[in-house]
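Below are two complexes that have chain A in common, paired first with chain B and then with chain C.
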Partner chain A sequence: MSPNTREVLAVSGLSPEAAKLSRIWEWFVVAAVALLFMGAIHLHVMLSVGDWDMFVDWKDRQFWVLVTPVSMIMIPAALQGVFWHYFRLPIGATLGALLLIIAVWISRLVGWHLWGYFPFSMSIPATMLAGAMALDAILLIVRNPLLTATFGGFVFALLFYPSNWASLAPYFLAVEHQGMVASVADLIGYTFPRAGTPEYIRVIERGTLRTFEGTSVWVSTAFAGFLCIFMHMIWWRIGMAFSTQRFVPNGKRMRQMMGLN
Partner chain B sequence: MRKWLSAGMAVIECFVGITLLGASATALAHGERAQEPYLRTRTTHWYDVTWSTDKVAVNEAITVTAKFRLFGDWPQAVDLPETVFVSNATPGPVFIRVESFLNGVPARQSFRDLEIGRDYEYKMVMKGRIPGRYHVHPMIAIKGSGPLVGPGKWVEITGSAADFSFPVTAISGEKIDNLETWGVADAIQWHIIWAVIAVLWVLWWIRRPLLIPRYLVLKKDREDLLTTNTDLIMGIVLLAVCMVLAFWSYFHVNAKYPRTVPLQAGMMYTPPLPLQQSPVNVRVTQAQYDVPGRSMRVAMDITNTSDKTLRIGEFATASIRFVNNNLPAALANIHPDFPRDLLARNGLQLSDDAPLAPGETRQIRFDATDAAWEIERLTSFLTDVDSKFGGLLFLFDQSGGRHIAEIGGPIIPVFRANQLALAQ
Partner chain C sequence: MTAITASGIAQKEERKPGYYVKFNLFALAIIIMAVMFAAFRLYQQAFAWESGLDATSPEFDKYWMTLVKIELPLFVLAWVVCWSYLWITRDRNLAALGPREELRRYFYFTFWLVAYTFAIYFIGSFFAEGDGVWHQTVIRDTSFTPSHNVLFYACIPTYIFFSVGGFLYAMTRLPAFSRGISVAHVLAVLGPVLILPNLGFNEWGHAYWMTEEIFSHPLHWGFVVLGWNALALPGVALQMIQRMVPLFQELFGEAQQQSA
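Coming up: the complex of A and B.
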C-alpha cells in the first residue's frame, strides 16, 4: 500500500475492516456500472450515430466526422462530471469510450458477423478512445469543468479523424469497378448486399465543399470541435442532475400516514 | 398450496415458451408478401425474369436478368422513382454482388429520374457465398418508398463458406486478397493499442481506494490527497501520448497509402428502353375481387389500335402470371425455369378468346382465379386506402410477336358467389 493510499484511508476515517469491505463493494459497483453504461452508451451511439458508425461505406469526410464526435462526447461528458465531482476521478470519458468499443465489437461479432454473415471489413467501428483519454487528461490538468469543455471538447473532436484514419485508410484505396472509380469501402458496401440499405440512403458528402487541400475533413473537424465544447457543458450538467439526490420534505399529513409522528 | 401454485406457474411458462418458439418460424423468403397490394400491383411490373441457374457453388456466378415496367397509374402514396437503386432481394449477403446494370449502364450507384410508364432492363450478376437454399428476387428500391421486389426463385448454394474469397486490385497496385478480411487485422490492432492505453489509465486509478474513501476525503476538503503530482505527470504524459500517437498514426498511414479517394456519391442516369406503343386501348368497365373464390374478374372494352390481329395471352400482376393456356405463343413465352408457384394453374379465363382484328373494339371479361391471391396476401385489397388494381396484359399477334399493354382501375371486393359471370 502506498503512502498516499494510507493517508487517504486515514483521512477518510474508515477502519481497516471497513476499508476492506468498501473495496469489495467497489468491485460489485464497478461490474454493475460497467454493464449498465456499456448498454446505455452503446444504445445511445447506435441511435444517434447509427449507420455512420456501423458501416465502412458511410464514413465520409463530412457527416461522419461531424456527427460522431458530437454524439459520442455526450455520455462520456456526463460520466466525467459524475466521477470528477464526487470522487475526483478523471476516468469518466475513458471509461465511456472503452465500454463503448467493447460493446460495439461484441455486437459486430455476434450480431453482424456470426448471425448476419456480414464481413468485419464492412462494419469496422470508429473509436473515441484517443479523444476521451485526452479529455480526461485535460480535466486532471486544468481541474475545471469550463476549461475542460473548452479545450478538452475541442481536442476530443480534433483527435477523432486522425486516430481512426489509421484503421480506415485501407478502405479508401481506389479501385475500378464496372469502368468507374470506387473506394474499397464503396465496393464492400456494394458487394455484400444489405437489402434494406440502398445506396442512396447514405447521408454522406455529395457536394463540393472544397477547402484546404481539397478535403472537407478539417472543416468538419473544426465545426465538430466547436459543437463538442457546448455538448460537453450540457452533458456535464446532465450528469450532475442525474446524480444528485433530493429529498421532498414530508408534510404533517404524510408523516401521520406513514406513522412517523 | 404454494408448491402447487409454483408448479402451475412453471407449466404455464413452459407452455407459453413452447408456443412462442413454435410460432417463430425462420424467415428466409417472401417478405414481399408483407407489402400492400396497391404497391405490388401498380408500381413495378417485372417480366422476362430469368435466373441462369438454380444451383451454384460458393464463388460461382448466377445471373438474374429481367425487364420491368413502371406502371403508368402510379399510386399517389408511393414516391416517384426520382432516385432508384438497383438491388437484389436475398437474405443478407449470402450472395455477393459482382456487377449490376440498368439498361446496360453500371448500377453500383443510384439512378436518378426514372420515367413512369416506361420499361427498363435489369441485370445482376451474383456469386454464392454462404451455403444454403435461398429465395432470390430482382429488386429496385425507390427513395421515399422502399423496395419493389420481383418474382423469386429458390437457389441453392453448395460448398463451404470458408472457401469464399473476393480478390481485388487497387488502381494504385495494392493487392487485396479478400474483400471480406481486408484491413480488419490493422483496424483491430489499432483498437487494441488504444484500448490497452485506456485500460492502463483506468487501472492507474482504480488500483487505489476508489469510491467511498475518496468521497469521504473530498467531503473533508482534502482533495489534495486525491490527485498527486505523480498523477498530474501521468495525465500530461497521457495527453502527449494521445496527441502524438493519433497524428503519428495518421501521417504514417498516409505515407503507406498516399492515394486514397473519398466515398463516391454521384448518381447515374439512363434513358428508358425504346417506347413500346401499346397496341390496344383498354378501358376497364368493371373489376371485382371475389374474396371467397380467390378470383379477380375484370370486364374491359378493348380496342385494337395496331395493324395486327391480336389475342390476349397473359395477365400479370404482383409477380403472378395468368396465362391463356389456349394460346401457344403465350405458353412459349414462359421460360422453362420460371417458378411454377407463380404461374396460376387455372390460367387466364377469357369470355372471348377470338382474335381481335385491327380497329376492332370488343367487350371482354377475364377471370384470374388462383389461391396465389391469398398466398401472396394480395387479398388485403380490402384494407388498402387506394382500392385500385394494376397489371400488364401481354398480347400476341399471328406471327407470335408480343405486345404489352397496361390495365388497371378501381376494384371492388365481393363476398358472394360470382357476380360478374363470364359470358357463356
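Coming up: the complex of A and C.
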C-alpha cells in the first residue's frame, strides 16, 4: 500500500476493504453516467439541431450558429449544476460535451459511413468542447451559478464557430460549377441530395442574410450567446430539480405487503 | 440490526468486496444485450438496402415484418416473466433486513441501473442516429422500416425491461425505496417508458404531414422532452449514497474495531 493510499484511507476513515468496495461502486456509477448521457445528450441534440450537425454542407451562417450552442448548452448546464452543487466538481459541461462528441463519432462511423455509405468528410460533427471547457473554467474561477451563466453562457456560444472553423474551412473553398461560383460545401449539396435538403435550403437562405455576408456569423453568434446565458440559468435549475432526493411515502397497505409495518 | 456471523472466517469473508458484488447475472445481461445489438446492426447491414426499401414487397414482409412478429411477443413475454418474478419473490419482511444483505442489494440495484443505461446508449444514440441515416437517404413509406423495426420494436422494449425491472427490484427489496416512492426514480423510469406510446403521436404525424424527415422537426420534440428525464438518474444515485454511507459505517466501522 502506497503512502498516498494510506493517507486517503486515513482521511476517509474507511478500512481498505471498504475503500475497495466503495471504489467498485464508483466505477459502476462512472459507467452509468457515461452511457446514460451519451444516449441522452445525443438524442436531445439529434432531435433538436441534428440536421445542422449531420452534414458539412448544411452548416449555414444564420441558424446553425444560433441554434446549435443553444441546444448543446442545455444538458451540460444541468450536469454542471449537479456536479458542482453536490460534489464541487467543475466538470459537468466538459463531461457533457465530451460524451456527446464520442457518441456522435461512433454513429458517424457505424451509421453514416458504414451503413449509409456517406464519406466521412461529408458528415463530420460539430464540437462544443472548447466552449464547455471555458464554461467549466469560468465556474471554477467565479464559483457562482449566476456569474457562470452570464459570462460562461456567452463564451460558450462565442467559441462555437471558431472552434469548428478548422474542420470547416476547406469546404469554403471557391469552385466553379457550371459557369458559376460555388463553395465546396455547395458542390457537395448539389451532388448528394438528401431527404431534407430542398426545404431546408429554401428556409435558411433568404431575407437579408446575403447582404450581411460574413458578419452574419457573428451576429448569429452574439444572439446565441445572449440566449445561452438564459439557457444556462434555466437548465442549471432543471438539473437540480430533476435530481431531487424526495420520497413520497407509500400507503399502509403497500408497506404491509413488504413487511414494513 | 447487524447480523452477527458465527465464526471469524465468515466475518473475514463478509469484509471482502466479492461478498457484496456478484457480477454473474449482470455480466450475462450485458453480454446478451451486446450480442443482440450487434446482431441487429449486422442484420440491418445485410438486409436493409436489399430487402427493406419497399414496405409492400414480399421481401420486406419476409425479412422485416417477420422480425417484428418475433421480437415484440418475445419482449412482452420477457417483461411479464421478469416483472412478475420480481414481485412474487419480493421480500415480505423488509423490517428484518440486515445491513450486509441490504448493502449487497444496493449493488444489485446498481447493476440494474447500469444495464438500463447500457440500453439507453444504444437506443438514444446508436440506433436513433441510424434512423437518421435511413430517413435522410430513403425517407419513409410506413411506420415499419429497417431502422424502426430495430429501434422502436426491439431496442425500446429492451430498456423498458431494465428500467421497470430496476424500479420493481428497488421497491421490493430495499427498505428506503419501499417505504416511499422515489420521485427521481419515477421520472427516470417514466420518461423513457413514455417514449414508446409517444411513437403513436410521432407516426400519426408522419402519416399526415410530409416533414421530409427533418430531424429537428417539432414532431420529434416529444422524444426530446421525455429524454430529459435521464437527468433524474443522478437523483437516484444520491438517494443510494444517502443510505449506503451509513451502511458502510455500520458494517466496516465494526469490522475495523474488531480487527483492531
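Observations on the structure shown:
Assume the second predicted complex is superposed on the first by the 215 of 261 C-alpha atoms of A that agree within 3 Å, B and C clash if a C-alpha of one lies under 4 Å from a C-alpha of the other, contacts with A are read in each partner's own complex, and residues count from 1 in each chain.
One rule holds in what follows: a contact is a pair of C-beta atoms (placed from the backbone, for glycine too) under 8 Å apart; a residue touches a chain by one contact, two chains touch by 3 or more.
As the structure is a computational prediction, the values presented were derived from the model and not from experiment.
In the superposition on chain A, A:M258 makes contact with chain C only, not with chain B.
Using the contact criterion defined above for the overlaid structures, shared-chain residue A:R61 touches chain B, although it does not reach chain C.
Here chain B and chain C are compared by how many residues of chain A each touches, and B touches more.
When the two complexes are overlaid on their common chain A, residue A:G179 makes contact with chain B while staying clear of chain C. When the shared chain is aligned, chain B and chain C each come close enough to touch A:L14.
Contact with chain C, but none with chain B, is seen for A:S107 once the two complexes are overlaid on the shared chain. When both complexes are overlaid on chain A, the residue A:S48 reaches chain C alone and has no touch with chain B.
Of the two partner chains, chain B is the only one that A:T5 touches; chain C does not reach it. Using the contact criterion defined above for the overlaid structures, shared-chain residue A:S22 touches chain B and also reaches chain C. Residues 14, 22, 25, 29, 86, 116, 118, 194-196, 198-200 of chain A touch chain B in one complex and chain C in the other.
Within the complex formed with chain B, the residues of chain A that make contact are 2, 4-5, 7-9, 11-14, 19, 22-23, 25-26, 29-30, 57-61, 86-91, 94-95, 97-98, 101-102, 105, 116-121, 124, 127, 129-134, 136-138, 140-141, 143, 155, 159, 161-163, 165-188, 190-196, 198-202, 204-206, 215. By the touch criterion given at the top, residues 83-85, 87-99, 101, 106, 108-110, 129-130, 139, 141, 143, 147, 161, 166, 168-172, 174, 176, 179-184, 186-187, 190-191, 194-195, 197-199, 201-202, 205-206, 208-218, 220, 222-223, 225-228, 231-232, 235-236, 238-239, 242-243, 245-247, 249-250, 252-254, 256-257, 259-265, 267 of chain B touch chain A in their complex.
The part of chain C that touches chain A in the complex is made up of residues 15-17, 20-21, 41, 44-45, 48, 90-96, 107, 110-111, 113-114, 117-118, 120-126, 128-130, 132-139, 172, 175-184, 187, 212-216, 220-221, 223-224, 227-235, 237-239, 242, 244, 248, 251-252, 255-256, 259.
If you check the complex, the residues on chain A that touch chain C are 14-15, 17-18, 20-22, 24-25, 28-29, 31-33, 35-40, 42-44, 46-52, 54, 67, 75, 78, 82, 86, 103-104, 106-107, 110-112, 114-116, 118, 194-196, 198-200, 238-239, 242-250, 254-255, 257-261.
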